[in-house]
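Letters A, B and C mark the chains in the order given here, with residues in each chain numbered from 1 onward.
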Amino acid sequence: MSLPASDGGDGSRYVNADTLEDALAIIAERHDDWSRQTGYPLCLEIVCQRPGGTVHPRGRSRYNFFVDTSGSAADGAGTELDPYGGVSSAATELIRLRRAGRLDLRAGQRIRLWHREMFSATSLERRKRIREAVARSVFSIMVTALVIPVLAIIAYLFFRAAPVISPAFLFENPKDGMTGGGIWAPLVGTFYLAIISLCIDAPIGILAAIYLNEYAPDNWFTRMINLAVVNLAGVPSIVHGLFGFGAFVLAARMGASVLAASCTLAVMSLPVIITCTREALASVPMSFREACWNLGATRWQTIRTIVLPNSFGGILTGVIFEICRTAGETAPILFTGVVFYMSGLPDHGLESVLPYGLFDQCLALQYHLFISSTQMTGVTEETLFGMAAVLVGLTLTINSVSISMRIYLRSRKKW
Amino acid sequence: MSCKMWIGCIGVGMLSLSVTGCGGEKGDGTTITATGSDTMVNVAQAWAEEYAKRNPKIKVDVNGGGSGRGISSLINGTCDMANASRKMEDKERATCKEKRGEEPVEHVVGYDALAVYVHKDNPLDSISIEQLAEIYGDGGASENWSQVSDAAASLGKIVRVSRQNNSGTYVYFREAVLGKERDYKLGSVDQSGSKDVVALVARTPAAIGYSGMGYATDEVKMLKISKAKGEPAVAPTVDNAKSGAYPITRPLHIYTVGEPTGAAKEYIEWILSEAGQKVVTDLGYVPVQ
Amino acid sequence: MGIPTTSVAARVRHVWRLSERLREKAIEWAIRICGWSAIFFVLAIFFFVFREAAPMLLGGLDFKEFFTSPNWRPTSQVRPEYGILALLVGSLSLAGVAMAVAVPFGLGAAVFISEFCGGKTKETLKIVIELLAAVPSIVWGFVGLFVLAPLIVEWTGAQVGVNLLNAGIVVALMSVPIIVSIGEDALKAVPDSYREAALSLGASRWEIVYRVLFPAAKNGLLAAVLLGVGRAIGETMAVLMCTGHSINIPHSLLDPIRALTATIATELGDTVEGDEHWQALFTIGVVLFTITFVINLTADLVVKGIRSEKSA
């Protein structure tokens, strides 16, 4: 039964046998020689060849058995966790199985005898690794599916807007039935609302954050305040609009005006300022305050000279973020101060920068986009995309400034 | 140092605030606020723009939102004149008298033919008021295009495009097509602007919608309207609207509280003058004779 | 140190120094009052919205009809009807669809950012998500109307492109940032010792996420989802532009709907101050306020729940 072994070229050998038992016998007899020749334990395959056909090099195996060749293991059942003790004992066992009729190959199928390494991954471990890879790729696909379309949409906005965006588009007032000209007056209106609301809520918000972080005792009342801040942030913007209309326009007799709209926006974005400022204040280490108190400074002196200067950047970040938030909101100003069109807006000079008084109504870019896309005829789609792109560009720029400032400050932090 | 900077920032903010405050206060003329009908907002805006060229001292603020909004703002005192594409109701007149102390005065400044729009590929050419009522009216039977016309049967379910429920267009269409005693069928796609209606119809093959004739574009078709099935259908054109042959023509109003005086008076007079009426014609509406 | 009498300036300086305590007291009171302002504003919002709605809420509103009738015909000449069922169902179904999209993606992204990547990737992704939150709602509405609507018509054969699906996707994109950031915070709040213990037991990352982090951070994640729901229900402009604004109890994803918020936005301008329709709209405002209040309260309690459990 000493058949010549043909060389496969890649270090593999092929031996033909007539029956399965023969094959197993050859393996049992010659395995030790082979392994001495190559120097390492082998993976053995028994393939049932189709008559006249070839063997597919990577067919699936029907049976898998494992052999421990280190010689230390006792004879097992041939599974991965409990391998056979050696190749010859494995072959004997397989012949026994074959005779018992429990080993049966059809054309193309194969039996594999694996060499089990001492520290190889068990099937449990392999399954675990596959699951891990699947989980990782699913999660990364989720992130991609989230980020890519959004970036694509924003890119598309800018792409469609590109033909209309020009200095004239930015710096001219709307004209010709709002189909021509640019978006200067609405843009200025948006800045007005953002800046004035900032002037109103920055002091309140910063002081409130100082209270919550530095003064507030840990009791139910403070918890109520925190809850109120969260709720204020969660109230729908249109309800803020209703509130602004009821409180500022009607009850405070401001009328629909820049001031009323700014107040409404200020109340709406107060939580943003409070939250950001609190974070900034909380990042100042307690030891700074303690050191200052030990020098005999009062609470307010400590805050003024130590806490505020050290958290200045963080607070500014929050303030910028607030501008971004108010620059995009439409619902709260619908009833409180924006107007569809104003005639006689100054076109140039200082007056075009300051076209609105506190008690005038104003145009605002966000509302301008809304009415142009739903109510005005003759506005080309490009112009609409242009407005949307400017609005997105504005908020994204402001936000990026805030983010890069935060990163810069964090990198400079000395403690 | 930083702290001072911080205080400085707030200071600069406050300063700019006060500067802007003054900036506006020094306005050297009167401001007229005109609020109301979306149908008229185009024309009102064009008037304002045109008028500013002639009389830069008078500023006109224009607001859309619907006739209801105009009338309510007039009653609430937040505007000087209300643009309305429907008549003020008795109830509203009474509220106005009660709140403002004077009767509202009506000025007819033009006419508008309310066109019924369908998608440009819709084979339908004309429709009767009764058919419209069946489509739009509460309890009306027409849900599919096959119930309206065999030619359009392939379009399937009718997508009814309507307006928000207090716009002048909505109210007038109800009056002219459904009759005073009937409500709209719910489930229509309600748009908040006249242009919205036309834009949605242009994008939706199975849609039908109504809006001012001035809002027509190339992508939609205006149906001819007949008063009853079998009667000749009339196209929405300026001439037909003028002659009264087109059945859904409505006057466009400006309301003021009491007879207008001063700047408002001049403005309305200018609107009714040839120059003002030219704007009306230019925008596809029908001028007052 | 006697009182210097040499110059007026010195005197002023002296008085200024003497008033130090007084000034400090004044500033502390200002801080205290500003600190309480949040409560004041929440109460004020409720008060002003409730005040306008009060005549209707307290006097003869048929609550059963209000909440169970799908007929919203406030301007009917025959009989005005104020039934918000269709609007309520519209808002809730919108929130449902939006959350069906946003929760898996949002929490998935949160897990990925917090557990599966580090360093530069993590920072970049966080920044991108933060920038997402900055896109104004009106722009999302515009995108829904002009970009998404034609695509939906093309892909699904829907009759109208502005519908539940469109608005659901848009609102999902808007509420994803909040879900991601709060979800990530919740995962970050799980002590590292939990992760280390699991690692030393031979757990893989996914097993840590699934077996350790999810149970440990479940309250925080729930809060993230709740706040997302709150955002979805409260969103106005984008919803107004993308839902189709049709009074309709939706039967499929492709039906146009109408939301509570959008109804207020389009109709309030049209109504006369103080009449029934006006009151009805403010009543919707009260309903919205209550819904979001309850959601935020629950989210807060849920988060507080874990915190006290941990400290105990």
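Please note the rule applied: a residue touches a chain if its C-beta (ideal position, glycine included) is under 8 Å from a C-beta of that chain, and two chains touch if they have at least 3 such contacts.
Treat the numbers as computed from the prediction; the structure is a model and nothing was measured.
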item	value
Per-chain CA centroid nearest to the all-protein CA mean	C
Of B-C and A-C, whichever chain pair has more C-beta contact pairs	A-C
Distance from the mean Cα position of chain B to that of chain A, given in whole angstrom	44
Between chain B and chain C, centroid-to-centroid distance (C-alpha), Å	34
Distance between the centres, which are taken as Cα means, of chain C and chain A, whole angstrom	19
Residue list for chain A, restricted to those that touch at least two other chains	203, 374
Chain C residues counted as touching two or more neighbouring chains	269, 273
Per-residue multi-chain contacts in chain B, two or more chains	65, 191-192
Sites on chain C touched by chain A in the complex	24, 27-28, 30-32, 34-39, 41-42, 44-45, 48-49, 51-52, 104-106, 108-109, 111-113, 116-117, 125, 127-132, 134-139, 141-143, 145-147, 173, 176, 204-207, 209-210, 227, 230-231, 233-237, 241, 261, 264-265, 268-269, 273, 281-282, 285, 288-289, 292-293, 295-297, 299-300
Of chain B, residues touching chain A in the complex	1-3, 5-6, 9-10, 13-14, 16-17, 19-21, 23-25, 27, 29, 31, 33, 38, 41-42, 44-46, 48-49, 51-52, 56, 58-65, 78, 191-196, 198, 214-215, 217, 283
Interface residues, chain A side, partner chain C - complex	128-129, 131-132, 135-136, 138-140, 142-143, 145-147, 150-151, 153-154, 156-157, 203-205, 207-208, 210-212, 215-216, 224-232, 234-243, 245-247, 250-251, 267, 270-271, 274, 298-301, 324-325, 327-331, 334-335, 366-367, 369-370, 373-374, 381, 384-385, 388, 391-392, 395-396, 398-400, 403
Sites on chain A touched by chain B in the complex	175-178, 192, 195-196, 198-199, 202-203, 249, 255-256, 258, 304-305, 308-309, 312, 315-316, 339-344, 351, 354-361, 371, 374-377
Sites on chain C touched by chain B in the complex	70-78, 86, 149-150, 153, 159-162, 240, 244-248, 256, 258, 266-267, 269-273, 275, 277
